[in-house]
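Input: one structure, supplied below.
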Amino acid sequence: MKIGVFICHCGSNIAGTVDVAKVAEEVGKLPDVAYSTDTMYACSEPGQEGIIQAIKDHNLDGVVVASCTPRMHEPTFRRTVERAGLNRYMFEMANIREHVSWIGKDKESNTQKAVDLASIAVAKLTQDRPLIAKKFGVNKRVMVIGGGVAGIQAALDCADGGLEVVLVEKTATIGGKMAKLDKTFPTVDCSSCILGPKMVDVAQHPNITLYANAEVDSVKGYVGNFEVAVKKKATYVDWTACTGCGLCTEKCPSKKATDYFNEKIATTTAISIAFPQAIPKKASIDPEYCIKITKDKCGVCEKLCPTKAIRYDMQDETVIEPVGAIIAATGYDLFDYTRYGEYGGGRYPDVITSLQYERILSASGPMAGHIKRPSDGKEPKNVVFVQCVGSRDKSVDRPYCSGFCCMYTAKQAIQTKDHLPDSQTYVFYMDIRAPGKMYDEFTRRAMEEYGARYIRGRVAMIYPKGDKYIVRGADTLAGTQVEVEADLVVLAVGAEAAKGASNLAEKLRISYDKYGFYMESHVKLRPVETNTAGVFLAGSCQGPKDIPSSVAQGSAAASKVLGLFSKDELESDPQVASVDIKRCVGCGKCIETCPFGAIEETDFRGEPKANVIETVCQGCGVCTSTCPQGAIQLQHFTDNQILAEVNALCQQPLVTSFE
Amino acid sequence: MSAAPGNELRIIGFLCNWCSYGGADTAGVGRMTQPTDLRIIRVPCSGRIDPLFVLKALVNGADGVLVSGCHPRDCHYAEGNFYARRRLEVLKRFLQVLGIDERRFEYTWVSASEGQRWQEVVQKFTERIHELGPAPKITPDQMAMAETMAAQPR
Amino acid sequence: MHTINLTESFDGDFVRKIECESEQNVSLCYQCGNCTAGCPYTFAYDIPVSQVMRLLQAGQKRTLLSCKSLWLCATCESCTTRCPNNIDVARIMDVLRHEARRQGYGSERSVKVFWDTFLDSVKRHGRVFEMGLAVEYIARTGRFWTDLELGPAMLSKGKLAFKPHSIQGQAEVEKIFERFQQQKEQCA
Amino acid sequence: MELLDQLKEKIKERLPELDVVIGWEQGFDPLHATPLFMRTEEDVDRLVFSPLCVHNLASHLTGLKGKKVGIVVKGCDSRSVVELLQEKLLVREDVTVFGLPCTGVVSLKKIKHALGGLDKVASAEFNGNELKVSAAGAARVLPLNEIAADKCGRCQYHNALLSDVFVGAPVEAAAEDNYADVEAFQAKSPQEQAAYWRDAMQRCLRCYACRNACPMCVCRDHCVAQSREPHWMTQQDTVQEKWFFQMIHALHLAGRCTECGECERACPVGIPLLLLKRKINKEIKELFDYQAGTKIDATPPLLSFKVEEENINERGW
Amino acid sequence: MSSSPTYAYYPGCSGQGTSLEYETSSRAVCEALGVVLHDIPDWSCCGSTPAHTVDHVLSAALSARNLAQAETLTGVEGIATPCPSCLTNLKTAGRRMLDPQFKERVNSLLDTPVKQPLPAKSVLQVLFEDVGPAALKERVVKPLAGLKVAPYYGCILNRPPEVMEFDDCENPIAMDRLLEALGAEVVPFPLKVECCGASFGMPRKDMVMRLSGKLLDVAEDNGAMAMATACPLCQMNLDLRQSQINATSGKQHNMPVFYYTQLIGLALGLDKRLLGLNKLCVNPKAALQAAEQATAGAA
């Protein structure tokens, strides 16, 4: 075999701590290596051309590039060798940047390690075989999980692109957090005025099927051919019959039900419609508070309903939706501020969250847009905003910046002044994070035009004094302790991963970080892809985001799906399991362990044998390590390929002499 | 306790592509310094790892073998690491009668976001292997090889 | 205010020493001011505690060791409890005080004398002799009017013993102080 | 006598519908029994059953795939049949199991040790708990408990676990297996263990008798020990290659080995190969409360998992 | 029925003088509620705040001598002390001595080295956890109904939480629950853990005037007729120095400041001599009578 080896400098990224020329020289001594060299940037155009030229000049059978992580550039170089006429799987990569040059400073050790890593890549390549991808059909339907603004945008863009869309929303209405907002920064335009039409579009779009009050139960299949089980939770109202007239909600005698939409600052009726612009505008019953369901009395709504839509005996129902791609847009939840005992831990009625304040500000909220204190209904004069409650705080395991709090607080300060011209706002902040278009100007306006008093420092404690609250903080710029007598305190609570996010990630087989935010495929270059083909991300499920970013991601994810579906057939990854029929004894152990049901039993001249359904196989290799006969081999990660790597490391003297 | 050059021990890592290999990349991107002894072999999933690969390495002179996969419940292939956990646990205990110190083998879970955790794992495992020292040369031919190597001019 | 030349006046050894003895990493401090905000003694400090942290990051040894705040901190733990970066600020204040003592600073004399007198009392009797402590303190500071008006109340309530409650192990306690002193001298 | 006659009768009853029935007959000398493949009634008459019938006849089953086969099994042998059935390596309808109760078999190695050799044995006769042997003109009486196979001393399954025809009265006794042998070996230091195996593997001839005797080694011609695809081993005659083969054998039997001990019995150089498998069995029992070859419809532990493993403590890594 | 909770008891120096009534009432209450206390033989001063301002090893050693003395007792599950300052020192010493090097340095100052530091608890924690509000309520013979009391825990009884490991560090409730069990009305008191001025009474009286003055103000604003404390220093600052505070601020506080153990003793009907109510500087008689009248009026 004739192998070409290219050791990349990556500028000084690798060459700074690895003697790349030495590595090329040492690896060049290996038996199958016909050509070995170092190259400045292997991935650059001249770098790739150099590889192609060498393949031609030296008639190479395969290529090893020792550079960065294969998770980054393996596809790049596979295309390169393909351009030179080789099969793309006659290529191996050694990671001498992330795994060598960036994590150690000792040049001698690094160089030796790079030699070893390149050597195992060469060893593996000697066992590589050309692989040819197969094609399979695509179900051009997409599921969007989460009906916040990111999910709505993704759903609409996909639907407008001609795709059938299934939108699954956990709560009774789409709209997400944005629907709860009164105004949006930095334009102070009405949230429902810009979101409302989009919600209506979702309801009316012929290509969109909406499941509200529903959750994803399980996900099977693979890109192009997923099967998602969606659990439609019982609403106790037949939504095909319900017209959303609202008569039931007016007459329901149980009025103490938790009002989740209004962030619990008010109560609602047991049968309710979340808010006037809800989509779908359908009533649903909270069984915890329904007198009929809990005590078998009442039944008023059933009697009144003009369309006879009430179903007290409704059960959850599961539907199976076959789709070809999935967009996760599950958003975020708010940090539980009651963990801050020094802010009262939830004991003070006039210390509220920023989202509760949005509901207070909202004309359609429980206070009809008049700012009043929850405790006594009085108009506040001094309103204090406390930033970074559950953000940038290691002591509560939330070291990250939630990103949008600075902006909405500025907006709320402006709105406070608009609503109550005699009021005075104070904002305790650590740093103002306003790196968007017109954002910093906006926070400046809050201070310059609306007189918000910004105080740089955290708040150490809030405690009641009479009917006011003493907010004691620091003004670190003045170098002193300060106190404000507040009538209302608004905590800018941080964003955290939506409850149940990790659970869904496990169903989707995508990764999540320690806080539960979903991992994108590449931080910069693949921001809406995941490592699971056919699953995309949009919005705050990937990390806290404001509305423009969420919308952008919704569109980005939609464009990725549209791109994926632009082909009628997808190429399957040929790195799948393959059965050696001679060796197979038909015991079916592989069938038992395959996580995807990708192996079936077939009859071969009267003998049972295993057979791999190539489009279903995901290439995990569990079967290969299950089969004692070695009869089923995961292509490109065969026993022989891995053994070659192990042998390359173990069956040679530990220290190869450099001399 | 990064080994001094020339004082390195032979440590082999089998890492799943999606989580732990990514975690090692994350550690690299974060320039999290680690001992240099470890050589990583990339496999698609911890479920791909036949325990015999580990034994093959240990029998043939590896001083330590580290396997790392996705955290249970978070396998890219849904179930691979669940199988791996059972196999590797049995393997670890099997070592107790093979005359191979079971501390020379460890398996763990590191996600793609856990660069720092990866750094800690490598640090800890490398330290452990250095405390144990080079693996005893269990077979005469290995002893012979060790002698040849020792005689080699450095 | 004078200009601090950060290149010249940064005392890295000092920062490292304080970090080492307090087992804290001062780089973790991002100057949110929560310690100052919560500190009940900020009103009395010459340098608020968050600025103590800042000056420590900046390696300003002399300013820190000579500041009064070190002596006015009661170790009430409010800063430590609320620090968002889990820095044990109170411990840093303690360690700064230790260093100030070693280097001969004592900017709030009455406090230092009170503490020293207290420990002398412990050394001498094994337990604190409150009456003796008060008398000694007054003698050392010359502030003979201190709490004079409380005397009658305390005496009438039987709250001040005239004789120390000496213990058998007084010598053991005294030896703790002596050994500590010896070890300190050996180190020096 | 009664038992054997009954057995012969039952076999003869079923013989017409079977291609072959496997049992034991007297071997080349009085101490050795040997497998008997019965196709005719005359063959059946040669059938014997005594503590000398040490072979696990299940080892022949997979080689007779496609035929209607009858097999005579002791308790331990029956586990192999169960395991083979569980692994779908046999078709249930093709196998007729003649189950026996068993009070234990001998270890020819122990007899050899007691007699100082196995040559020139003129007669061997079981009498209650004793074996009377005359060899080289001298008669010796060996108490059965001294010459019983080790596995019989810890046997929990004296009676065939699976049988289409069960002959004789079931044996009541069942011993506990506390894996004392494994514990004892494990107590040695890694260095001592390594030295032990090094010596043992130096003796190994790489004859593969262990593998060939194993009822669960079903790969036969496709054993990875000799293949190039996959190429796990070289043909080099080195200690580590030989030892690695034993590791392969043991791990390929993880959760499958029924502890019949044929590997160890077959080894011509006396390597305690069962110990390796018993170690794994011990752990599988502890971890997953599972014993191979006891239930046809059980799920083998290494082909399944639990999301939360109550017995696996991952040591905080 | 399990055996009685048994502790090595560390009274602390102030119990011999300025907080005699805390000492006697703590003992009396423990005895009445079945908590067995064995005095640490020949205990010595923990060094209080002054010691840790000098050196952490010295400070730990002064506490450690008592930890070593406590090891001579058998059958005790830990150390109990009424004084938060002593508690902090005992716990901090125990915690730091988990580091073997630190332990060795501490032991090198001692005649008798510490083997394994016993865990330390406040008497409040013992009463809350080993007896509990429910059991306490059953033992009440003379409910304190009508007594509006502000519970003041002081700054270091629960802080820092990693060291003290008891109750909430911002809003502790153990004393609240015990006082409620006595029938008292616990008024909201937002400054439960705010510092009173500590030991600065002599050297910097001005600081105590300000901080303790604020505590009295807030207690009064919240309708308290009395305060309950768990710390000798806090009690002294609030009670003994109340006259000084009034003189400085021009206010007319007349707020009795009880040790919470005195209130428990009252409700349990224990011997008044052991409770030492006569040792309080601000006479509590009026407050107690007012409470009684309020209850009578309501009934």
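For reference, chains read A, B, C, D and E in written order, and residue numbers begin at 1 within each chain.
As a working rule, a residue touches a chain if its C-beta (ideal position, glycine included) is under 8 Å from a C-beta of that chain, and two chains touch if they have at least 3 such contacts.
Every value quoted in this text rests on a predicted model; they were computed, and no experiment measured them.
Asker: Going only through chains that touch each other, what is the minimum step count from subunit A to subunit B?
Answerer: Between subunit A and subunit B, the shortest chain-hopping route counts 1.
Asker: Just to be sure I understand the contacts, which chains border both subunit E and subunit B?
Answerer: In this structure, the chains that contact subunit E and also subunit B are A.
Asker: Apart from subunit B, how do the chains cluster through contacts, with nothing moved?
Answerer: Components, subunit B removed in thought: just one piece.
Asker: For the interfaces A-C and A-D, which has the higher count of C-beta pairs in contact?
Answerer: When A-D is set beside A-C, the one with more contacts is A-C.
Asker: Measuring centre to centre, with centres taken as mean CA positions, what chain is farthest from subunit D?
Answerer: Using the mean of the C-alpha atoms as each chain's centre, the farthest one from subunit D is C.
Asker: What's the distance between the Cα centroids of subunit D and subunit E, rounded to whole Å?
Answerer: Centre-to-centre distance between subunit D and subunit E: 73 Å.
Asker: So the centre of each chain is just the mean of its C-alpha atoms; given that, what is the distance between subunit A and subunit D in Å?
Answerer: One centre to the other, that is 55 Å.
Asker: Centre to centre, by mean C-alpha position, how many angstrom separate subunit A and subunit E?
Answerer: About 51 Å, centre to centre.
Asker: Approximately how many whole Å separate the CA-defined centres of subunit C and subunit E?
Answerer: Centres of subunit C and subunit E (C-alpha means) sit 23 Å apart.
Asker: Residues of subunit E that contact two or more other chains, please.
Answerer: 169-170
Asker: Can you list every residue of subunit C that touches 2 or more other chains, as numbers and ranges?
Answerer: Residues 43, 78 of subunit C each touch two or more of the other chains.
Asker: So which stretches of subunit D touch two or more other chains?
Answerer: Answer for subunit D, listing residues that touch two or more other chains: 232, 302.
Asker: Among line, ring, star, complete and other, which best matches the way these chains touch?
Answerer: Contact pattern: none of line, ring, star or complete.
Asker: Provide the full list of chain pairs in touch.
Answerer: Chain-chain contacts present: A-B, A-C, A-D, A-E, B-D, C-E.
Asker: Residues of subunit B touching subunit A in their complex?
Answerer: Those in contact with subunit A are residues 2-3, 5-6, 8, 10, 12, 17-19, 21-22, 24-25, 27-29, 31-36, 39-45, 47-51, 53, 56-57, 60-62, 70, 73-80, 83, 87, 111-114, 119, 145, 148-149, 152-154.
Asker: Which residues of subunit B touch subunit D in the complex?
Answerer: 51-52, 55-56, 59-60, 72-73, 79, 82-83, 85-87, 89-91, 93-94, 96-101, 106-109, 121, 124, 136, 138-142
Asker: If you look only at subunit D, which of its residues touch subunit B in the complex?
Answerer: 182, 185-186, 190-198, 201-202, 232, 238-240, 243-244, 247-248, 250-251, 254, 275-276, 279-280, 283-284, 287-288, 301-302, 305-307, 309, 312, 314-315, 317
Asker: Mind pulling up the subunit E residues that touch subunit A in the complex?
Answerer: My answer: residues 168-171, 188, 190-191, 218, 221.
Asker: Could you pull out which subunit C residues touch subunit E in their complex?
Answerer: 21, 40-41, 43-44, 72, 74-78, 80-81, 88, 90, 94-95, 97-98, 101, 108, 110-111, 113-116, 118-119, 122, 126-128, 130-131, 134, 137, 141, 146-147, 149-150, 153-154, 157-161, 165, 167-170, 172-173, 175-177, 179-180, 183-184
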